[in-house]
Every structure is written in structure tokens, then in C-alpha cells.
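These notes open a run of structures that come right after.
In the two assemblies presented below, subunit A is common to both, partnered first by subunit B and then by subunit C.
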Partner chain A sequence: MTTDISQQIAGLDALELTSREQRGLPSRIWARVWPMLSAIILVLVIWELVVLSGWRPEYVLPGPITVLGDLWNRLGDGDFYNAVAVTMRRAITGFAVAVLVGLVVGAAVSRVRPLRAAFGSLITGLQTMPSIAWFPLAILLFKLSESAILFVVVLGAAPSIANGLIAGVDYTPPILLRAGHILGLRRLALYRHVILPASLPSFLSGLKQGWAFAWRSLMAGELLVIIANQTSIGEQLDNARELSDAPGLLATMIVILVIGIVVDMCFGAADNALRRRWGLDQRVG
Partner chain B sequence: MTAPTQELRPSRADGHEPAVRLDAVSKVYGRDLLALDRVSLSVDKGEFVCLLGASGCGKSTMLNLVAGLDRPTAGEIDTKGGRIAMMFQEPALFPWLTVSANIELALRVKSSTRSTTKKERRERATELLEIVHLGGFGAKRPHELSGGMRQRVALARALAQDADVLLMDEPFGALDAMTRDLLHDELERIWRERELSVLFVTHNVREAVRLGDRVVLLSSRPGTVIEEFPITLPRPRRTDSGEVAELASTITARLREEVLRHAKPAKRPVGAGAEHG
Partner chain C sequence: MRVRRLRGMTAALAVVAVTALAAACGGGGDGGTASGGGDTAKTEVRLGFFPNITHSTALVGVKKGFFAKALGSGATLKTATFNAGPAATEAIFSDAIDATYIGPNPAINAWSKSKGQAIKIVAGSASGGVYLVVKPGINGPADLKGKKIATPQLGNTQDVAIRYWLQEKGLKTDTKGGGDVSIVPQDNAQTLQTFATGDIDGAWVPEPFASRMVQESKGKILVTEADLWPDKQFVITHLIVRQQFLKEHPDLVKKLIEAHVESNAYINSDPAGAKEAINAELQDLSGKPLKTELLDSAFKNITFTNDPIASSLVTSADHAVKVGLLDPVDLNGIYDLKILNEVLAAKGQQAVNDK
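And then the complex of A and B:
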């Protein structure tokens, strides 16, 4: 009787578990790459057509081939890597501080009711504030220094990160809270074992958005706050404009765009991995 | 697998020691929504009690009160200091943990005073999964399992709490009939082996008759106990057996009366289904 039940159960289980077939790695990569490649080619073609139309003279708006050639030359130049290194160091430092600040503020505001009432809408307000509006104050406070840039980067990114955490805590499924309560989890233990893990997806999208704000603030900062003897991507952009070096300018812009996209893709990959692990992945096909 | 354990349970006549006792419990939501009105009920040690009622009878409210998820407005609930576990209609597993880790978390909270090693907890989790016939699935994530399997993991997690009282809030409501039948057998076996006291909420009359030692019928809005049916049919029962069906239709008739009491005089057609709440 018992064995009969267990066999029946095993049979039902086997029927219900669908085997998911996994495509090979090359075909998955190709499936992601070809749309991007076609988009890039399309943009380059439109760009070339605009240049060919003679809308602006070539020394103001050079074609893609000239610009990509300039970019290629830069890739062989040590200065370029120094500039990227300086900018990335600032980005990473600023973002790291923003994550720390966002975590502390988000955790406090999401848990303490009076803090929520006091600062909840302020955080959202800060999020909508254009970061460039902070620079005059930052320059007054920190002079033309890296601190001024980092100050604005942190202010730009931290509210999004805090908000991501707060939203995650708010939208913890009530059924999981009840399950945790039944298991005997209270207060900090409930926070650690249920609420924090449950808010991870929302926190991750907060991080992603925070990165976008940090990167924008950083570029604005590097254009406004030029520090002597420290070449950075923003500074190179500013130089190129002053020297009317249109190919250099566009090449630098491409670098900024590519770095932004690559980092965003990293966050996207982390998000996808999380969704797959949790079974939130509802995409078809 | 384990040897069949089909001998009859010892009669409880030798001592009605309650595991849970509700004494004139009322619950008011907001200003004047009376969900429960002076409900008195007790579940003896090792007894399987099914709470049955149409919508709005406060079945789930009652379980939440017993579980301590909510407080009664008036009256007393005594759980005799026993440990309480609860299963919901949804499995409510933590999606970020593996099946095994979900159970290990319950073990860890339970034993926070008495330290157990991670290895011990893992072994215990594996044993519990074997009890619900999911021995090989510990490393899976909840979403990789079917609904019935997830509900069995939830049962294993509830067992991990080593509770004296198991509260079940329509735990099999979302499952197909065949899976539900099998889970009835499973639950009955585990209940016997562990001598649990079970308070089982359902709106399915046959399920109540299939499982319960006693079926308690609740009225709707506000919820009060209107009648109790002791079920003396020998176990194991089958949901599709004649005796179960007969008893179920008696209870359904009584439930229908209760539902009709709420029907507005003229407009509504008589005989609207009561079983599906």
C-alpha cells in the first residue's frame, strides 16, 4: 500500500517535471549578438548618409570611418588608458560609496517609520534632481578637486540605490512574511532571512539605475571640474572640443557610450541570473 | 519503504486532553466587521479537526489567530505552550533557497537555543524530504518543482518545526484531484505516525469527511460554530467511497441551508453551489 502510494507519487512527479532543453552556448551568444550587430551597422549607415548629404562640413562632422580610425589610434596610445583608468577609478569609488550610503539610508528608512515619513519623499525628490545642479555647490565646498566630482556622483547614485532597497522591502510578498513568522523568525532574524533576500531583485535594479546616474554625473563632473595633470575621459572630451578635433571628440563619445553599455550589461546579466535561479524568468522561447 | 501502519489508532476515550482551545473568541476588523463571533472550539491531542464553511465564515481568520499571526478582539486562545506549524494554500517557500535549505532554515530557527551543526541539519532535512517522497530533490529550487511537490516541501518544512499542532489553511485547494488524493493518504500517514493535532480548513466537504475525526461547520458573517459532525468511519477512507459521499451530502445539505439564509429573498435563484465558497 505504502509502496504503491510512493510509486504513484513518483509517477506523477515525473510527469509534472518538464525537461527544459538548453541550447548550446554558441547559439545563445549568437542569438544575443546579431540584433546588436545589426543595430550598430544601421546606426553607422545612417551616420554615413548624414555625412554624405553634406549637412555639415566634414571637419565638423566626420564620417564613421574617420572616427573609428581615430579611435583605433587611441587604443594604441598609453594616454588613453591612463584617462580610462582615472575615470574608472572615480566611477568605482563614487559608486561604491553610493552603494554604502544607499544601503544604510535605505535600510534605516525602510525599517523606521518616522524616518520613512520624514525622508521617504525627500529621497525620491533627490532622485529627480539633475546632478549637474549640484556642481556649483560641490565646487564651492571642495574647490576644483576630485572630491567635488565624487560628491556629486554619490548624490546622484545613492537615492536610486536607497529607493531600490526600500521598494524591495515594501514589496516583500506578505505570504513569505507570514511563513517566516510561523517558522519563528522575528525582527532582525526576519529581516535577515526573509526581507533582505526578498528585496534583492528590486535592490539590483536600484543598483543598475544608480550606476546610470553615477556615470552621467561623473561625465558632467569631468567636463566641469578639470584637474591639472590628471587626464580623464571627460577631460579628453573637453580638450577635443577646444582643439576642434571632431574625430577625437566623437571617438571619445563612443568610448563613454561603450563603457556605459558594458557595465549595464553586467548588471543585466546579474539580474537575469537571479531571475533564473528564483524562477521569475517568464520569458517565452 | 516503511511497513504499512494501518492498525486503528488507540481510542481517545481515555483522556480528552486539548492541544488547542478557543474560548468565546471574537474578531472584529476595522470598526464593525465582525469576522468571528464567540467561537469556542477545542482540538484534542492527536485529533484531526476539519473546519468547514462557505466564504466569509472566518476560517482563515481563525487559523491566523491560533497561529499568533493576529490577535483576537475578545476571548482566549490557549495553545498549551505547544509548538505550532502552519501550511498555507500556497507553498510559501523561499525562492532564494534550495528545497533543502528551506527546510534547514526551519530547523535552524527551531534549534537556535540548542546548537546544531549545518551537517546535522542537512541530514535531518534529507530525512524529512524522504518522508514526503522527495528524497532526491533537496538541491532543486522551489520553482523547478510542480505545485504538488512544492506543497509537500511545505509539509516537510512544517514537520521540521517539530510542532505539536499543525494548522492547514486549504493546503490542497490548488491541486488536481489525483495529486490531492495522494496527499490525503500522505498526510494521514504522517499525522498517525507523529501524533499531531491538526486543524484543517477547507471548503471541500468530501475532503473534510475523508480526513477529519470531527468536522466543524461554521456559519458565515459572522463566523460561529453551527454544528459538529464526529466522523467515525474507519480509516483509511476513500474520497470516492459511498459512506464518505453519503456523509458529505448530509453536511452539504446543512451547509446549503446556511448559505441560503444569506440569500436575498426574491432575486437570487435557489440552490447556488455551496461547496465552492
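And then the complex of A and C:
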């Protein structure tokens, strides 16, 4: 009789535990890769079909083979890596400053009632404002310089980050706040140990959105603000345009897209790590 | 099961959306050109040019109505102005214009980028009018060492010319602005400014900027580019057309060239009247005419000719390859001077050569 019960309980336990089917590494990689690969192939096929249809001459809309060949040539060229390095440096600096500004503003606005009343809707307003609208002013203020680009990148990204934090704070369950209170946490300590961790998911999605805005602002900026003797991805795109170099244009666009995807994957990984820590990672099968 | 069906539908929707998008864009982009097909029912000829003195053939032809007259009642002229060659090339590639006046290098670029499919040069327009203007203290190539010289654009005709000239004089340059002489490609308007403030020591530029540097900032002409060429002739502006347009409407191209030849003949027979027309057209286009002394000095430095001076184009491309600014390109077939020579023959003038 007793063995029967323990068997039943063991069965219940098994339901609770995540059952990890142990598969080999190659097959796991394959499972992740094949959907992506087929999506890429589908896009390439549609692209090639549009080119083959003769809708536009080949020197205006080149096919994937020409463009990938051009991309391959670029990958073997030192200038390309310089350009990527410059652009990534700008992106990371701009994003870092935006995170700092967003954190400070978000924290202040979320906890101080008059500030929220005064600036809450302004931040949302700034978030919806297309960053390219800032460039004429930025160029006036900072000349055609790196500072002008940085200024707009920060303005583009910071409101999203601040908003993410504010939303996270708003959705902190009151029970956690009360528990923190009972444990004797006040003000900064409450912030540090209860509110910030609780708002992490929303903050993370704010960061992700902030990055998207920063990346868009940066590309707009690099196309508008061309600094002499300073290469960058945006400058390469503009150069390709000046030279009527359609394959170069598309190759550069692919580079921009790939960087965007890779960074998004990094955020995805951070998101996964967070969910695992919170015990939300209950994958089935 | 339901999830799978949903996915399938999403994919189908995406395909439909892409097709619709392409179709919609096609409809918008073609407006005006798709109507004719292959016959001569086309009613519009879209001609591009720059509001520059080197494009006087177009300025005079438009102002004096030569183009409108030649096209007659069968077609109307629609003009578009551009600031520089790349924008004009872009307009040709995207089927926004049918023909444009343009400099030699953008034409070479359009030819090589389209593998000889986009354009043809159908007539010459202007020759000469390019100078190396420097600060008064500089008296020869040796004095240029360590100096900063501006050109209009990296890899453009003047940029190639100065690099090749310096190379021949034993002075090194590179595309990043280093070497014995620092070459800084920049906007011509910016060149005027920086030359006035002393930031640059000179510039290899076309008219009217060369004359302005001399008149406004006490510049000195060190090199007249024409002196470096056989017969002192080299192409600075010519007329290109879209190959498809040439194939479908040779009659309209012929009318365009007739007007072009008439305009050049007028400029050469009545310079005073031509200058008046140029300034009137510049006034219409940009709101302000050139100063009289500037127009006089720039105008006399440029020769207006129907000959595209083919040899100078090929040589210039060679030079660009030698200084590392261009991959070797086969220019065979870039010229189509048959129509021009027909027009010239009808007027009893000598034919021009595409070699």
C-alpha cells in the first residue's frame, strides 16, 4: 500500500519537474538553425524571383548572388572593419549614456509624484517623436560632428528606457512592497532590493526598445552627418549611393540588418537568463 | 493543427503583401513612361542639367526655347536640375529623367556600374575651364609639398586630374588626405569659404569657382588644365541619354540633339546674347545671377563644342586607374554619335569621332 502511494507521489513530482529530453548537440543546433535557414532561403528566392521578373534592370536591383559576392569582397577589406568599429563604438557609447540618463530620469519620475505629473507624458511624447526630427537642431548645436549623432542617439533611446523602468515600477506587486516594508527596507534599500529586481522584465524590454531606437537614430545620423575622413556604416551606405553602386548599397543594408539581429539575440539571451532565474523557464519537451 | 494552418496563412499573407507592395511601387514609379510602350506616342522628354556655367548649352537651349522648338507639338520638354553628377546618375538609373548633361566621371561610373547597359553619350557640350588656383606664395609643384589642396569630390574628374598631375611631378597622394600633398575633396561652395579663411592652400576646380577664387580671395592660377591636354581640349560636360529611351525614341533623341547643336551654334556666334540668356536662366533657377565680371571671365575660359573629345575621356579613365581610384573599365561603346553626326551632316558640318 505504502509503495503504491509513494509511486503516485513520485508521478506527481515528475509532472512538476521539467523533463529535459537529452538530445545530442548537433541535433539541438539543427533544430534551432533549420527554421532560420529556410526563412533566409525563402527571402533569397523571392528576391531572386523579383530580379528575374525584370521589374527593374539588374544594375538598379541586383540579385542575391551579386550582392552576396560584393558583401564577401567587403568582408576581406580592412576599411569595412574600421567602418563597423566606428559605428559600433558610436552605438555603444550612445546606448550607455542613454541607459544612464534613462535610469536616473526613470527612477526620479517613477517615485516622485510631482515629477511624474510634470514629465510623465513628456517622456512618452519624446518617445514617439521621430529622432530624425532632432537632426537639424543637433547639427546647429554641435556642427557636423560625432556629438550631434550622440545627442540624437541618446534622445532617441533614453525615453524608452525611462518608460520601461517607470512601467516596471508601476507593476511591482504591492505584496512585495509590503513584504519589503516589513523586512525594514526603506527608500534606497527598498529600491535596490525590491523595486528594481521586480521591475527587471519591463526594464529589460525598455532596454531592448531603447536599443532599437538608438540603432535607428544612429543610422539616420550617419547618413545625414558625414564627417570628413571618418568612415562608418552610414557613410559607406551614402558612398554606395553616390557611386550608384546598387550591390554595395544592398550589401551594406544586409550588414546593418545582421548587426541588428545579433544585438537582438544578445537581448534575447539576457531575457532567457532572467526567466531562468525567475523560474519561468518551463520548456515542455 | 490549427497553429500550423495559421502559420501557413501568415506565410501566404506575407507573400501577397510583398507582391502587392512591388506592384504598387511599380505603378507609382513608372507613371508617364509606361504609357507609350514602343511607339512614338510619348509626350514628354525629361532633361536634366546643373545650374552651372559649364552646362551653358542646356541653360541657353532652355531659355531661348531651342529644345521646345525642336520637339515641336509632338512632345514637351520637362527639365530637372541637379547639384552634382551622382544625383543625376541616380535619376537616370531610377527612370526619373531620360537625358542629362553631366561631367565625364559620373558618365564613366554610370557606364561601369551598369556594365554598359544604362547610358550612352550622344554629344559633347563643353571643354576646358578647369584650373589649379593657389595662394600667391606658391610658384610650382615643389612648393605644394605639405600643402592642402581641395577638389570637388573624391574620384571625380578634377580629383583624378590633380592626383595624376602630382604623381607625374613625383609627389605622392592618398585617398585619406595623406602623402606629400594632402588632397581634401569637399563641396565647391565650402572650397570658396575655406580658401578665403586660409584653411586650404589651393583647389583644382572648374569654373566659375576658379574665377571666384581669383577674384574674391586673391588666388593665383598655377595650372590651366587645358595646357596638359592635346589641342588644349578635354571634356568637362557632355550629354547622356538612357539607353532604353534611345532605343524606344530615337526620333526624340534626334530632336534633342538638333536643339543641342543649335544652342551651341548660338553660344559661339553670339556670346553676348548667350551670356544674357545664361544669367536670366540662372536667375530663374537659383534666384541670383552671376556677377558680370565673373560670368565674363568664366565664360571665355570654356569652349562649347559638339565634339565629346572622346580621347580625353578614355585618357582620364586611364589616369583614374593609375592613381587607384577606378577599377579598369572597358569604355568601348559608351559613345553613340550616329545621330549627332547625322545632324551635323545635315548642317554641312564635320563629323565627330568616338575614338
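The rule is short, and it goes like this: the second predicted complex is superposed on the first by the 252 of 285 C-alpha atoms of A that agree within 3 Å, B and C clash if a C-alpha of one lies under 4 Å from a C-alpha of the other, contacts with A are read in each partner's own complex, and residues count from 1 in each chain.
Throughout what follows, contacts are C-beta pairs under 8 Å (C-beta built on N, C-alpha and C of every residue); 3 or more make two chains touch, one makes a residue touch a chain.
All values reported here derive from a predicted model rather than from experimental measurement.
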Of subunit C and subunit B, partner touching more subunit A residues = B
Counting only touches as set out at the top, which of subunit B and subunit C does A:Arg277 meet: first, second, both, neither?
-> first
Considering only the touch criterion stated at the top, classify A:Arg192 as touching first (subunit B), second (subunit C), both, or neither.
-> neither
Counting only touches as set out at the top, which of subunit B and subunit C does A:Arg178 meet: first, second, both, neither?
-> first
Considering only touches as defined above, state whether A:Leu200 meets subunit B (first), subunit C (second), both or neither.
-> first
In the complex, subunit A residues that touch subunit B = 1-3, 5-6, 8-10, 12-13, 16-17, 175-176, 178-179, 181-185, 189, 193-194, 197-198, 200, 277-280
Subunit C touches which residues of subunit A in the complex?
-> 46, 50, 55, 57-60, 228-229, 241-246
Subunit B to subunit A touching residues, read off their complex = 1-4, 6, 67-69, 84-86, 88, 90, 92-97, 105-106, 109-110, 133-134, 141-149, 157, 161, 178-179, 182, 185-186, 189
Going by the contact rule at the top, pick out the subunit C residues touching subunit A in the complex.
-> 15, 18, 22, 26, 86, 89-90, 93-94, 109-110, 113-115, 117-118, 153, 155, 176-177, 184, 186
